[in-house]
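Chain IDs A, B, C, D, E and F follow the sequence of writing; residue 1 opens each chain.
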């Protein structure tokens, strides 16, 4: 089988992580998975939501959104419609859970990290790119917070790293990191979130056409494991460089 | 390990399916998984949403909601808040996808099946109970539609059955069909939707505490497979009885 | 004249009150007026709305809603529409006023009783069934509150009981407790709320077709008085039994 | 007993009806019940709501609202809050029903009459003033429509006139047409809508404090009958004068 | 050139300012620019919005709205639509800025002046009439506040007066104070807000058809200066009279 | 006087226009005025809004929005708040009017050009950058449309170019193109929109502190004329280059 863009089945698209893309945010990243382009901003603020107050613990939350012309045909703004759609809700919640899995809330202190992931251009895999980029923005915001004394410097609130990738079955073959053209014809679509140390944080597989069996599930999980490991390396490399603003 | 209600790790709670609970709906079921109680109504109407018109295909969609006092402490109504929450959106979408996986839209003709799953009482597993009950309501609505001539009688639009169950890891042990008391302390929480013939429609696993590894994932999938097979039998038995109204 | 269901003009439909239908609520009732079925949950919480704080007085309020397929054709959810309709508002306010008429707010202390009346199936008279059932749920919630020490035990906050019934003029004849088939063709439609001791709390009569005169009004009030007295007995009988959960 | 403004118990406040207060509306009235001042505009447009199309019948509907500073303390705008309150809904529906009771929808043809009743200043009885004024605006809009040929001239769509007044029990005495100072302390509050020929269109009585008995109800209905008869005369006098614009 | 209503190009329509039109508001004005009629109510309340607290400064804000039948064809209520339109927002903000320009917030103390400008009838220039009338209502509310001791009497919070007028280019000629018939065909439309001492607070010019050059801009500003000076006189005369309620 | 960034009073910040920043949009530009960065996407679709249908004319409209972390402190999303704020509305309308001033709607045919201007980073002048960039995106979308035959090629719908710049008075001196640090302390703030041929499309000046006089207005208009002429050149240069995607 040949994939539309000539990649091997277990090959990621070109991934680019540009840190410090914004001047104001405590951490920010422009992440690209091929033509998918997501701007991730991490805002660090003092205090926590009301229901958490006084427990000495922090909070991490996320909001995902798409610009109207990120896609091939323009979609209406949710602000104009006056309500947030189900898909937006679902992805925002997924990103929040993924990031909370690698943060020690005690070490964060009573601070909130708000991640904004805005899709500037969409070509499949926007939620996995968002998670992968948001982790780097989060790491930078935590560094900023610790160096400025907003977060206690003693213990690093980051317990691990986190990355995500999509896998799917297209024309009977399991493939990694699907662009829109593959995603729209996949029989099964799966998003996998893993820690840098190789454990699962989230596994979401959906049969779009025919249901899948245990063997197919296994193959997809293998591909996802490979993909997340590669993304973890890319994140590490990106974070190893000094941050120029 | 002993579970709070004395069940074995691979044992379902008592499941009850009461068909024809409503007089008006084309299909309706009160489904109970232990103390979780969900009213599923299937409404069959002529016509399809605008974007599907003229293709000779039908549509299946679902809405999930919870009564304010289904839970231990009262939660505010989404109608009063003026917006539908992320969790509600997410579960509604899940139920719709699960049911569409076993319906042949061509055979349904240009008709819409709308499933309403309203949780009257919640004790964990409301989404899986909803899917399991909604399938039976759907089957009854399709029978009604075929017998009244609204749906062409030639081909049965149902291609398979579908059921769902939750699994999770509690205190290090994988368990099936978690009530609230287990769900709220589970490290990992997974919802699995399977067809009657044993294939996966949806797999959604989330690490609430520690991430999970491939072995734990395997154990949970085994339990879910057992549980869904048992639910499939219960659905068949329920549907085999004549429907009295 | 013969009524569609063979009842006498001053005869109620079969009324059933099932207490303790929910496990979590402080008081709960499934009330049935024939095929009309309303789930009433009474939630007792500490504290009062802001505008009442510090006055040593409690509050009673109610919300009424209908499940989408309670009726013959499905109606859209108000949560999805993002706004509560006029009819819903009107009935919620009516139920709240009816219940407040028999509660001594001083004796209740700074506690709130929130009544949720959700129509599971509608066949006329949903608001009157809701009031009649909600009173029983309220009484149970107050007992619960007093026995748990949340409400001062010294003085019973209940000063009387309250029940409601519909009356109307159908084909020129005044009739009691109209099901949908009568209600939809009635010239005049009236809802009457009365205390157990026989006084009026609320009288709402509307000419749907021809206006009504003073004599017709009198006949309808006579029927309502009979009906409410009978409902008061049924409430007493229901409350006399021990509550099994 | 002496009323705060020195009126007899069966005496209306000074009622003023100014026709043609607006230049654009097909009918318009500024109605004053003492210091209560409501601007009623009747808009006549071709066509009917979708659910009525093609039946050769017209429609009459109403919207009630209050300016923010109509009352003693400013209340927030419903447009800013983004939702219409229960009280507004309830009164809008009441006005619509009251006016529909005296319009022959067949004679109106497929036209819609939309009544807008905006309270410029509130001092009790705003809904009854609105109904009383709206009838006059409606009559003018129908005249306009018939003289311009929009409404078939053959049959007058008006079958009767309609007026409304409040009655209540204050300090144990039944009184007519309550200003705010009486309304806020009334034990019972009742709004009565009657046709010009003396029949009831709507009776809405509410016990705010102690419930009321059949005798009190009778006395209030007597007062309301007197009040509505007097308002009917005032409407006739107003409509007898030529309309200057 | 002859204007539709026979005015000279630099002539205002008849302007009428009726003070004390409402009984409850601390200041109120019915302002008329020809057939344009705006009710301006100034509400004075203790306290300021949260973001201003504790700074010893007051706040002035405004809301503009139009009754549904102020215009030739009825427009839907923003409360029913559930959102405030862009034009409404824009004008509300303009009125607020205009009034804040002549108020010394320190002298006002921690009090809020809320201006409500409701257009009862629209015939062009509603925003300029609103500003001109709102200033007078504001002045009366400040007098009320100082005489009642709510606002410190020592320093007058009013530093100047403010008025506004529209100018435009119609058929190539610059004209002052455009009614709807001129406004709807103007190539350029400009609203100018000036202080009583002749300085600019706001200049908003928009080319509706052909863009305008510097000379045309100059001519329009000359006309506006003349118009605002005349409005300032009218405001002074109105405020010089004793306020009868 | 020295400006914070060392510019002369009549000097623009560095302006960069990157065409074709998005793959899907018919025209797109990333425009930068110093650190202000706005992504402008022009979407060309067949058809016009309902109120324009059948007139053989096109339509141009715009929506402006800001990402949550475009600013120094994060602001809440309007989609989450469920309503669009007044400032957003105001700027969206301004951009739309500015672009419509240079488009011949007849030549456009029954097509709609929708401009989306999303502020990725804000440092003053976001609305003027948006207009300046949106014009270039619009020009590219029109070229695309004409070359693909969607827009009749015969007549160019663009009648001129349009650009915008801010001017203001800071510490008594008139300056061009204010960054946030100047904007927040300016006494007067003015936005000027001009055509490439030097005429005014929109002039919006607001006294934030002291009102301004005719001389100051003149100086600001001189600066704006210089600035817009320079921006026109930059737009021309950008459009002269071939568009690489």
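Assume contacts are C-beta pairs under 8 Å (C-beta built on N, C-alpha and C of every residue); 3 or more make two chains touch, one makes a residue touch a chain.
Keep in mind that this is a model prediction, so the values were computed, not measured.
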- Chain hops separating chain F from chain C, counting only touching neighbours: 3
- Note on the structure: The chains touching both chain D and chain E are none
- Message: Quick check: superposing chain C onto chain D on C-alpha atoms, how many degrees is the rotation, to the nearest 5?
- Response: 180
- Message: Between chain A and chain E, what distance separates the C-alpha centroids? Give it in angstrom.
- Response: 51
- Message: With centres defined as the mean C-alpha position, give me the chain A-chain F separation in Å.
- Response: 33
- Query: Tell me, which residues of chain B touch at least two other chains?
  - Reply: 82-84
- Task: Select the category (line, ring, star, complete, other) that matches the graph of chains linked by touching.
- Result: ring
- Task: Take chain A as the starting point, go toward chain B, and spell out the full loop of chains.
- Result: A, B, C, D, E, F
- Note on the structure: The chain B residues in contact with chain A across the complex are 83-87, 89-90, 92-93, 97, 101, 190, 194-195, 199-207, 210-214, 217, 221
- Message: Looking at the complex, which residues from chain C come into contact with chain B?
- Response: 22-25, 28, 35, 39, 41, 43, 45, 63, 65, 67-72, 74, 77-84, 88, 114, 116, 118, 120-121, 123
